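First comes the structure, then the notes that go with it.
Each chain carries a letter (A, B, C and D) given by its place in the written order, and its residues are counted from 1.
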Amino acid sequence: MSNEHNAPRRLRLGMVGGGQGAFIGGVHRIAARIDDHFELVAGAFASDPERARASAATLHVAPERAYADYRAMADAEGQREDGIDVVAIVTPNHLHFDVARTFLEAGIDVICDKPMTTTLEDARALADLVERSGRFFGLTHNYSGYSLVRQAREMVAAGELGELRVVQVEYPQDWLATRLEDQGVKQAEWRTDPKRSGPAGCLGDIGTHAYHLARFVTGLEVESLAADLHAFVDGRVLDDNVHMMLRFKGGARGMLWSSQVAPGRENGLRLRVYGSRGGLEWHQEDPNELLYTPQGEPPRRLTRNGPGLGEAAMAAVRIPPGHPEGYLEAFAQLYSDFAEQIRARHANREAHSLARHTPGVADGVDGVLFITRALESSRAGGTWVNL
Amino acid sequence: MSNEHNAPRRLRLGMVGGGQGAFIGGVHRIAARIDDHFELVAGAFASDPERARASAATLHVAPERAYADYRAMADAEGQREDGIDVVAIVTPNHLHFDVARTFLEAGIDVICDKPMTTTLEDARALADLVERSGRFFGLTHNYSGYSLVRQAREMVAAGELGELRVVQVEYPQDWLATRLEDQGVKQAEWRTDPKRSGPAGCLGDIGTHAYHLARFVTGLEVESLAADLHAFVDGRVLDDNVHMMLRFKGGARGMLWSSQVAPGRENGLRLRVYGSRGGLEWHQEDPNELLYTPQGEPPRRLTRNGPGLGEAAMAAVRIPPGHPEGYLEAFAQLYSDFAEQIRARHANREAHSLARHTPGVADGVDGVLFITRALESSRAGGTWVNL
Amino acid sequence: MSNEHNAPRRLRLGMVGGGQGAFIGGVHRIAARIDDHFELVAGAFASDPERARASAATLHVAPERAYADYRAMADAEGQREDGIDVVAIVTPNHLHFDVARTFLEAGIDVICDKPMTTTLEDARALADLVERSGRFFGLTHNYSGYSLVRQAREMVAAGELGELRVVQVEYPQDWLATRLEDQGVKQAEWRTDPKRSGPAGCLGDIGTHAYHLARFVTGLEVESLAADLHAFVDGRVLDDNVHMMLRFKGGARGMLWSSQVAPGRENGLRLRVYGSRGGLEWHQEDPNELLYTPQGEPPRRLTRNGPGLGEAAMAAVRIPPGHPEGYLEAFAQLYSDFAEQIRARHANREAHSLARHTPGVADGVDGVLFITRALESSRAGGTWVNL
Amino acid sequence: MSNEHNAPRRLRLGMVGGGQGAFIGGVHRIAARIDDHFELVAGAFASDPERARASAATLHVAPERAYADYRAMADAEGQREDGIDVVAIVTPNHLHFDVARTFLEAGIDVICDKPMTTTLEDARALADLVERSGRFFGLTHNYSGYSLVRQAREMVAAGELGELRVVQVEYPQDWLATRLEDQGVKQAEWRTDPKRSGPAGCLGDIGTHAYHLARFVTGLEVESLAADLHAFVDGRVLDDNVHMMLRFKGGARGMLWSSQVAPGRENGLRLRVYGSRGGLEWHQEDPNELLYTPQGEPPRRLTRNGPGLGEAAMAAVRIPPGHPEGYLEAFAQLYSDFAEQIRARHANREAHSLARHTPGVADGVDGVLFITRALESSRAGGTWVNL
């Protein structure tokens, strides 16, 4: 149990979004509970007062801390003695910016889902605000919480792959292969609606996860990209398939594919990195295994909490090897690392080095820049665009 | 989020065992938190008062409810207005019986780790006591909490495999391939010590899980068995490898293998069931997939929360297909089902039908009977013994 | 045994190239033997007379039919009563064109390795010559001989995937991740040498296989492509990594990746095709399995010679399901289909419909066109180029 | 191409059995062709003269060497100047003994399918005869021809696993899960008929392969066994499922399962061997991979012809890693090794050390002994029986 050495008080968590019928809000709540660093005490779970209250009731949140308006929530919580330490923003994308701004201005730390904003201007404005405010800002690129993703990052950083050459990342799904948005599926509705999702569909929803994962593990920066976005399902406005070629600073090359129309693929996020001295392969649907091949030697199957791992990976596990951890534990890892950073800020100390590498506002800006440039490239017919 | 429809108050949970350095106690605590039906409020985490208090402090348990003696705990909690609703027993095996008896006699529901007791007499006495007490008794054969294990059970019960013929179950590990018990590893120490573990080593620790899983999915009863137990590691008293042939009532036949000396196998619990109309295969290290082959047709890969599943499986999921759930979620599923049953008892109503099939005291007796007969068989040279 | 219905006489096979130290020549010979439609009776296995004779001696080829000069061979064999029926060309790429022309002009059927020629002009000239000559011309895009590749093609053609949307094809290897060409490895030497390999490295060696496979299975034509080729290994002139985006006529989109610098990947040719009604995935390293997912249903594992296959797949197997066939059997399948076509030509009849779809001179032109356009695109910085 | 160093004349091969509708005869013929050490020149492919002649005609065998009676064939071929060097016996089991005896007595080397005979007396008599005759006798336990099976054997022999502890071997199939023997399937008919198959069904057909594989790789001898055989399909006389516990000399223990009623399993021969220093796992349906785990280290995926292999494995490959070889190549490897041994006998020299370890008459006796003892054990109710 890596996360039970001490028991400082649980952090008080608020939430905006995540009412009944939502998906990611529930995930954040489980993630916040798993390692026991948070208690949910307030929320604006919906903009409709009735639904906001009903949702709060199902979540053990006191009625007086169930808000229908996030501005009112920020205001009230910011003034309470026992006000929330941090808010989790789990709304559709178009609200991220204003909600984040509102809480930061109320002096409250922020955990925000991705993509951070729907425009580059907003992203940069938010980065400025975070800097000025001195508050903590965590971005839930949750795949970076997987133990073996951190192992991969550590191995690349230590030079075990040599000079990086090729980076292949992909994230195929199949759930939008038909017009689910016409069938009353709330998740499909907002994700295919530019008013709520922003200008990017599949690109913003999962392409940005793929991009972040590649950056997180390799440490490489994209220099330029050529993107070919397409909406395959009739009548869909936003892209549901993304093809992209990447050139990284320093000379590596790569490809990125994300899709929501690939029958048989559920959440097939996969990263493959090849360097002059070795290769690494990791697949989110089988996350307890990392394939590592030193060039010229047999591939080795590194397992979560198994032999041969470094300290970053070993700090992000809960149970013995062979007992699978999954998506929720990876998400919980981010929450635990966020907790450490928030507590460090409270105590005016440095956060533990292993908890510091969680995605933040700079990653948020980077992700929105990526989306913006990919849209530019695709609109220009798939030409190369510098980042 | 299958478990957030309502919010009755959280059940008050106590724990016996699970102090610092323990493994399974931490798992129980996470499992109890994931679906948010419990709050840990009391504990006898260790018999040493100092360690008991220190452990409580790390677990947000109030000092006055940190006990060093489980009898004192049962007594005090049984009398408190806000006393615990249920105790989780996570000690080494030799204490299960007395702790369970003590809490049942104090009128407190019990969640107990397996094997239930170290003797058949104790197991039967406990079953009597549970019946007389009218209290809830849950046994954490946690693998039965996996969504696709429940799918398998439902398919067998619905006759989709036809008449069952062959049942192959195995649970290999490698962590005891060397004398870890001499290296200060607490988990290895008590598991290889007959005073704390009881007369069965590998057989009681994981063989009993394999046995329960086979019984749970197939619904078959073992008629007779022939067992060949062995301790391969020098100086080890208890078995570290178990070979067994099984004959089931009704004519099916099977094999069971469990081992703690199989290098490369971490927690390789695997069940394969073959009937006249089809076959099913499930592997705990890849638990989000169930391979189903209707005889004469291509195998189908059923995925957790994916297409083609029945209601039992769909009631035991948290997140979309392709986002893996693991060991902790399966364990949490048991805790959620226990909560439903405890609340139903409180409210004097029937528990939801999907929550009723969790392992209980009868499974505990069955498991100890299995261990007892396997030991008899092996001691007699591997002869057939009726159950 | 699908190929033993009749026993017309074995076809007399000659070979150009494939002397000691060569790789693909030996493969062609085994492939020609497996289904017993050919006997090797003549060869110009090397240009050095000594080595030509020595190679012939190891191959049961009579000394008088061991040639050092392929022109002499074409001449002599064209005039013998018992002259060869067909020649297999297994030289480095730069010789394909002239050898093929020479034998066609001598009235001899041709089996040629890929890429067909090193220039588009030669490819087109060869196509003209084949047409004029009336001779058989087979191109060994051998992966099209795999039973389940044919199954995939048949399923797509029958509309089982609906309208095609996304085509992902890749062929990573790792054997050229270091400067093997400096270490006396003949295979590496000629493949990295533009004089013998032509202007394309990895692109011509394996990228063209990936391209053909995608075309063969989907039946789609590429409308335009954007390619980013690179040589990662210091001092290497020809590309060792290929990234490409594809747009197909009719609207499908795709990506192609081939690499010879991906540590851990041996011959990872993989094709994934997604349409409006389903998806298919096939991997050359595990070729006895085809994953088929009807949209909204569980994935099905189709196995070679297993249940649920069509007639094209069932005509391309030798042994029962579960007994793996591999690369050599797929190659043999092409040879068997070539034999049927050659015999049909001899008999002035139509070849069996299932044997007619082997790659021929048109595929050769298409492959060289693909290479040419990819090189143009890459040299222009990765811009889109029409095919 | 490991097998083309020299070209001594091809050995003249005859065949008994293997006419139209047979399975294994065709496999032997392909196997004999792949490495080009044999030419098929004579045969008694069927006992019916018409079918014998028709079969010969499809196999390029001259009419005068197409026999209906194997005794006539042995007689005639034994006297021809150009008579066969070796006969391959591919009949149903009940004929193996007499055919083998007949050819040995005619001074002709023998390649025989397994199980060698249907009684232990015959097996021992055959062993005597082989010894007296001085002829070569090869037994086609073909799985021992796989490159990575030989790697496993070499690693065990070199002590890389330490002292062996646990051996798990299994061979499940599903093709006899229904009464195929009533549907005109010739393969099913004779295999379920004690008159032609002998007293063992699944046990003799595939259980004996599993047994041989375990013995071949580990070098261990079985000391005693307890077997539970059963016929699950109504009306079937011979066993279609085999369960067995094994005790090896020296202390290792194991299990063997073979089945023909396991839906979804095609030819799932799998061997797992665990010792004090490491573990090995190999699966026939994925034969180009061997999983090797040194105790306490990450598992390594050894691939056929890939890095890290020993000389025995490297002598049994044809093509580069990543290009799969399969069942036919493994079978061909035995034929190549047989050729080397036959030529060595002709030349009165020692066969190459790497070719000497093919199964022979002693393995045949051992296999029949195994069958005999397993039948005894099962008939006695599954008691332990010494071998």
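Basically, a residue touches a chain if its C-beta (ideal position, glycine included) is under 8 Å from a C-beta of that chain, and two chains touch if they have at least 3 such contacts.
Every value quoted in this text rests on a predicted model; they were computed, and no experiment measured them.
Chains that touch both chain A and chain B: C, D. Chain centres were defined as the mean of their Cα atoms; on that basis the chain farthest from chain D turns out to be A. Separation between the centroids of chain C and chain D, computed from CA atoms only, is 34 Å. Rounded to whole angstrom units, the spacing between the C-alpha centres of chain B and chain D is 43. Averaging C-alpha coordinates per chain places the centre of chain A 55 Å away from that of chain D.
Listed for chain B are residues 265, 292, 296, 299, 303, 306, each touching two or more other chains. Of all residues in chain A, those touching chain D in their complex are 292, 296-303, 306-308.
Chain A makes touch with chain B in their complex at residues 1, 4-7, 10, 23, 26-27, 29-30, 33-36, 57-60, 173, 175, 265-268, 284-288, 303, 306, 318-329. Residue ranges of chain A in contact with chain C, taken from their complex: 161, 165-166, 168, 170, 174, 177-178, 226, 228, 230, 232, 241, 243-245, 247, 253-255, 257, 259, 261-265, 272, 274-279, 281, 291-296, 299, 381-384.
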